[in-house]
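The next block holds one structure in the form of structure tokens; read it before the comments.
Per-chain residue numbering starts at 1, and chain names A, B and C are given in the order in which the chains are listed.
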């Protein structure tokens, strides 16, 4: 008798398992402003793949905002399973509060950045001011739009790109770099709080002659705000921007989503996701895909944060902390 | 607001002054109020009606509308009850510290919206006073609906009380005292005497409170977490779309908010027009005190 | 007042105090508590930094100027709306509440669209050398916008109830129209004008949403204090942000108290005159 009941129960269990076999899982990806289009495509592709491999339905919820603000929200309790932000410093800030392992950047290939970008110039059609490279930005009469590096992650890349350029010139040194960047910010009439705000100021309001922007943002702006109103100028040397991704360990464990979160960030390195990244104007890491989209991404000399500044913590402390170099530059007038 | 029809003929220089003053006031109103409003609608319909409608029926927009209404439906009644209670205590009884209480009620007006969001993060955020406790018990406040409601309540708290206090002060308590002396119960007195006397001011207060509740941006932005379709209210949706270069979409949602605002104002104007002669009696004679003549 | 007769003292006051305590005082206490983390030295350093001073000057100074302008324009507008009859008066009257109801972010975007060099108004102002968008002037425009209805809505009922016979008596005694206005009406309105001034001021000091779009946000030029708070937050400097928030709040509270004192003084003066 007992056996029969057990068997019945087992059969029932299998039957139920078969019926409710398709679980509904949801993930929260906390990202920064420019990735909306990118992750809309990635999420669709990933959900389809997960469904075909595991049979579960995945819904990926997105939160977009300034990178620093998003990091702060996660620290304050926004239940992100995955973060995909503009710079490693912001994920470090989350790691410092114990939400994920401090060595997160080593857990995925390529500094945990599945795609990259560079800093380029967006100018008005026909390039009326003849902007070709960094020195042209500080010519008299040229107005430059870039957001405030204190509040915008993107702007920090801009700042470091300019600094690195000046440093790498023949005879370049710290003082010359400081002089160049200081001069550069004298040409900035509006300091928006975020990268998107700066693009709006430049494109919609018609302020300024050149916008310093991420390449993916410049390409997107060219397409979205387009009618061939803008041209992209790639400077002779620029920074390699590496927007990183990570699983937020403690949140994923709490939600029981670690496996799928892990699969999600790894999916970003797959050929399919690499192609989506390229289509959304991010430079893919895969050499294959990079070759296929070579016409979209002109070759340029790039340097990394590590090569010039050590790491983000040193850069942050030296340039962007309260009272650090950026504050001195704008206050020392 | 009875018309001061002046029977004697107005001399032409004075009429000239009238016209000039009216013109001056209208120029200001057009430049500061009409044009910004017009901008919203012009930009929303920039590509025609179809894209406008398409932008509004997106699921994200619909969920933002639902959330905005939900927050207002919770926050406004709570502030309504508070406003009536505070006004009753402040205007019908003498007690120590009344001036201080009045100042505290006004306080949220002068707190920067950024700060009014921040204070709740300091209380309920993961690093805040009650954060760890809430986390242990699985209660979510920040980055969820309760946080949005709290921030909205904070920002809109003074509206009803502000509208009621001067009016009830000016009306005095004679009628209510008479009702009590004649044997009315507390609630009878409230519903038959007090409420009819203050209903218009109460309605104004609620309308303004509601309008501000739906439109609040700064404070809500701090506690929202910006999860699309879950914790994004209409003003946040406007900002997100603007930042996505979706100008038609941004202004389309903005135009809905502007329409809500206009609807609020229309209801108010309609009431004034319909019950025009009743309202002056129940509107504050003076916000602070009556002038003895 | 006869306390015995009217019911509900305990419950209404108790409820109001509990509600205020939970919604306003407890959170503000958390703010003040957090602000003490910065320490005395930190506070001095924060408040004496040229950038902080410039931002506070812009926020408080801009709010003062905008409230003053609002008092003048608000008086004009409410005078016209109450005293004169013209087509569309009711419509314009209703529109006065618009800044209460329009979300600040929408207002900011709309004002920037209008006053930017390409905008409907900007394209006429720009050739005259008047730059509004992305300058301190833009901050002022946004502050005037958000504070405007406070002045009109406090003035209107008083203007409507102001005894016309006072004016007529003055006129019959041979006073000029403008003399009547400045000697009789304005002193009577003074307490109400001060209330409107105070409310518009309080609203403008902390304004963020609408200002941020139209200000250039350049440090020491067009950067408002709430923006500095946001920047401190971005760097996880909660104590600094809270301290700046408390400083801003205290400043506007001091201004409000000053206005209240002024008001009491002018009330007494009006009573003596009346």
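Note that contacts are C-beta pairs under 8 Å (C-beta built on N, C-alpha and C of every residue); 3 or more make two chains touch, one makes a residue touch a chain.
None of the values given here were measured: they were computed from a predicted structure.
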Farthest CA centroid from chain B: chain A
Tell me which of A-C and B-C has more C-beta pairs in contact. B-C
Chain centres from averaged Cα atoms put chain A and chain C apart, in whole Å, by 39
Using CA atom averages as chain centres, what separation in Å is found between chain B and chain C? 16
Taking each residue of chain A in turn, which ones touch at least two of the other chains? 75, 197, 204
For chain C, residues contacting two or more additional chains: 230, 233
By the touch rule stated above, which residues of chain B touch at least two different other chains? 127-128, 242
Residue set of chain B touching chain C in the complex reads 1, 3-4, 14, 17-18, 21-22, 24-26, 28-29, 31-37, 39-40, 43, 78, 81-82, 84-86, 88-89, 92-95, 101, 103-116, 118-120, 122-123, 127-129, 150, 153-154, 157, 173, 176-177, 180-181, 186, 189-190, 208, 211-212, 214-218, 234-235, 238-239, 242, 250, 254, 257-258, 260-262, 264-266, 268-269, 272-273, 280, 283-289, 291-293
Residue ranges of chain C touching chain A (in the complex, touch as defined): 49-51, 112, 116-118, 133-134, 212-213, 216-220, 223, 227, 230-237, 240
Residue numbers of chain C touching chain B in their complex, please. 1-3, 5-9, 11-13, 15-17, 19-20, 23-28, 30-31, 33-34, 73, 76-77, 79-86, 90-107, 109-111, 113-114, 120-121, 144-145, 148, 154, 157-158, 160-161, 163-164, 166, 177, 188, 191-192, 195, 199, 202-203, 205-209, 225-226, 229-230, 233, 238, 241-242, 245, 248-249, 252-253, 256, 263, 267, 270-271, 274
In the complex formed with chain A, which residues of chain B make contact? 121, 125-128, 131, 135, 140, 142-143, 225-230, 240, 242-245, 247
Chain C-touching residues of chain A, taken from the complex the two chains share: 66, 68-69, 72, 75, 93, 148, 150-151, 188-193, 197, 201, 204-207, 320-323, 327, 330-331, 333
